[in-house]
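In what follows, subunit A forms one complex with subunit B and a second complex with subunit C.
After this line comes the complex of A and B, so read on.
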């Protein structure tokens, strides 16, 4: 019996979105990566009290999701699940920063502006992050790392880790379910079992890892050896990147003058 | 302890990205030189174990809450610090992209806070000198886990402070962060110690080769002890003794005061003025203290904290600069095996 955990569902959701066929998905993977990075840098460069100036930036995830044919609803749902952490940090501001600020006829504490700005920035950057991985998937991300000149040792380690997460999560889930059924209580490990249960899985994992490592080396594996076909950077990749960068710069400059 | 993108400024993000990339490049070079080929598959699978093992809830007696496994130290013990750093960086990248636990811009900060201190300070300077077989190994792991996490938590406070994205006062933020991470570090240390003790008992051959691998090409232990003494002396001098530093002018300022009647000469040219304004904006700790809105709070806790931090961070920056100069000047033949 295979039972999916929440994390596995999240992984599968992004992998499924990455399989969609659209113009954005066919771009060179470095293009959406750089554009998303540019978007996050522009957003975070705004001062802590900026609120109104941030709103036009909501267009980026809306348009990109539309072009990439990715439904925005599940991504927004995943984003909202992460936001409580930012709310926890931000909610202190209205009480700590009570400097009055006049907005039209209203006077509010400066802390509320900081809180609102933090939430908007947090929501948009996390949404952009999820959108990026929905476009690239793990394969696209690896190709982007390769084209940006990252050492093969790093991106192969990263891909290897990703590939084994699912297997190990299923194994740990089975072990925890067995523990729960035998102990007749919730799967919380008592201190006497802190070493033996995870330690047992670790030993099995280590030995499995060594076997795989040796098997790969015997078949001539070398992390430095290049493989796969390089996707060339073409005009539409440059156009896509340049257009978004220009939009971000223009919006940022506009608020400098405004 | 993962920082979100919204909490940091692009400048801080860029600096921490640079530090992380430099450390990553150093690790890759070290793995290639020392071990020819890093056991990539093994590291990837152990990294996946650390990620998946977050599902396990470790019950903390008497509190009703639960703790989770911490990866940096466990991976350093099993794989050595260089490969552990890269594995932690991979785990953090997956957490950032798939679960928004951290972000793209704050990725450098998170790798530095959660992997650098554990793999390159707590592991070589706290765990390795203290680790011996038996009971002492356990206390070495707990101490290394606690101090590694404390350094990481403090780093989060500093990065947030420099970013200026939140208006939380330094002392409030420190008081929120350090005690909670002391408890988390203690639990993570106990869990790691229990797992390593079990592996040591049930499959000691797994720890043997990995420890040998980790110790390959390392400085002699006497040198490590000397380094530990210097680090401790720096922390005490920069962190505590700096409170008692004289506020009287130094020799040069005294001489200038005798001639002109003031310790600091004001430049009158536009170049002097613009450079002075730029320095005031850039300097994170003018006169070795925080930029206080309220000047009357000079003797407050924040003023003492500012002096301590400027002492410790200043010493750390000096150490990094000297280390980089040393690495640049090191003859190439010595680095190759």
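After this line comes the complex of A and C, so read on.
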């Protein structure tokens, strides 16, 4: 339960980081979004056995977090929580793909390389996404999507889902805490008690989501118009985007020649 | 004759499961008045506020805000005149910082940046929460959240405040601060509350709601000292009037 509280607060922290004042935060929101997309596309374009070639890509979150004055530690901690899912997805590779591959004097199964590559790609992709939310916040992300011409329905659904997940996590935390305090500190929910809990949690979360939606609408919110300051795209936005894209392309070309 | 801010005529509402919450509710509130809506739990106070705010659609009857009928065509423009403080401030505060939350209304109204900042600063100063401006709302105490949720309304163009249990779960000092703040506001105020001492202290009039119907409307001192009337509505005399 305590882990969930911390995790919930960590996710909330991302939105707080979006309020930091830095050069990266002042960019047009489309610039960090495009750069992150470029980063993820380049990273995932590497062959399934690429491992060493992926390592320079760790510099991107390190440098971007530094420029944006965002502490990387909480983002890394949150990303590590998703690691078990990545391990679950890739764990069978070392056992199913046993083709031997020579690395220097060592011979290992190809599956191990695929597994390691999957972990690195997955970890860096999720970290980059957390960093993007920490720079833009949900409002900035909406504005970025709108400026890139995405249909309103797309970013409305995205925002709704994001807010719902946040509320859901809070509600789960509250219910689990209430359960823990009245169940003699049982460490886990008994299967028989799972029947009614998820339904109640989902309905209460839906109702709170509805009330928040009402509160937003009563203060003039129109989901078609993303919240936040309008800003034009200027030279530094283009320069920032072009510089990172050039770095990704160079790294990718280097690996082709290498 | 004073301008009427809120008028309802034969208002009825039933939830989708058939439970009739409000039945034939008619009343009017003159501009600038502070009116308490009192009644036992489940008597329909929150539903009535939500209907007036245009968040629910009445089964029958009409609502007029500044003599304009509230319907699908007028709801968006009329909602700009209304500010609803929810029963739980957590439903009202959703941005990353207090400042962003208070700026939310004026920004959506399309004000220039300088005006947004001015309104937010003024609202936060009035509610004594300027020092909380850069803090995330979910880390505030209950009393602080309540003040910030009022600030979010004061920064908008709302002329009518609908307040759902504004002193609920506040410590005595926070409660006193909230009452003093509300007393200093010129807005028309409809306050759903169980805090009858606050109603007696702050409100010009009281509307007594019992099982979805209005059983009395009149001057607060007169109605709130009427033991049998309050008893019939599932209420008790305010503590300050009990012997």
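Some points to look at:
By definition in this document, the second predicted complex is superposed on the first by the 169 of 258 C-alpha atoms of A that agree within 3 Å, B and C clash if a C-alpha of one lies under 4 Å from a C-alpha of the other, contacts with A are read in each partner's own complex, and residues count from 1 in each chain.
In this section, contacts are C-beta pairs under 8 Å (C-beta built on N, C-alpha and C of every residue); 3 or more make two chains touch, one makes a residue touch a chain.
What you are looking at is a predicted structure, and each value in this text was computed from that prediction instead of being measured.
In the superposed pair of complexes, A:208 makes contact with subunit B and with subunit C alike.
Using the contact criterion defined above for the overlaid structures, shared-chain residue A:12 touches subunit C, although it does not reach subunit B.
In the superposed model, A:55 makes contact with neither subunit B nor subunit C.
Of the two partner chains placed by superposition, A:91 touches none, neither subunit B nor subunit C.
Look at A:229: by the touch rule set out above, it reaches subunit C but stays clear of subunit B. When the two structures are aligned on the shared chain, A:218 is found in touch with subunit C, with no touch to subunit B.
When the two structures are aligned on the shared chain, A:137 is found in touch with subunit C, with no touch to subunit B. Looking at the superposition, the partner that touches the larger set of subunit A residues, subunit B or subunit C, turns out to be B.
Overlap of the subunit B and subunit C interfaces on subunit A: residues 163, 208, 212, 216-217, 221-222.
Interface residues of subunit C, counted against subunit A in their complex, comprise 50, 53, 55, 79-80, 82-84, 86, 88, 90-92, 94, 96-97, 100, 104-105, 107-109, 113, 134, 136, 138, 152, 156. Interface of subunit A with subunit C (complex): residues 12, 15-16, 18-19, 137, 163, 208, 211-212, 214-222, 225, 227-229. Interface residues of subunit A, counted against subunit B in their complex, comprise 5, 7, 10-11, 14, 36-37, 40-41, 43-45, 48, 78-79, 82, 85-86, 89-90, 92-93, 96-97, 110-111, 114, 118-119, 121-122, 125-126, 129-130, 132-133, 141, 151, 153-154, 156-165, 167-169, 171-173, 176, 187-191, 194-203, 205-210, 212-213, 216-217, 221-223.
Contact residues of subunit B toward subunit A in the complex are 4-10, 13, 24-25, 28, 31-32, 37-49, 51-53, 55-59, 61, 66, 69, 78, 86-87, 89-91, 93-94, 96-101, 103-105, 164-169, 172, 190-191, 194-195, 197-199, 202-203, 206.
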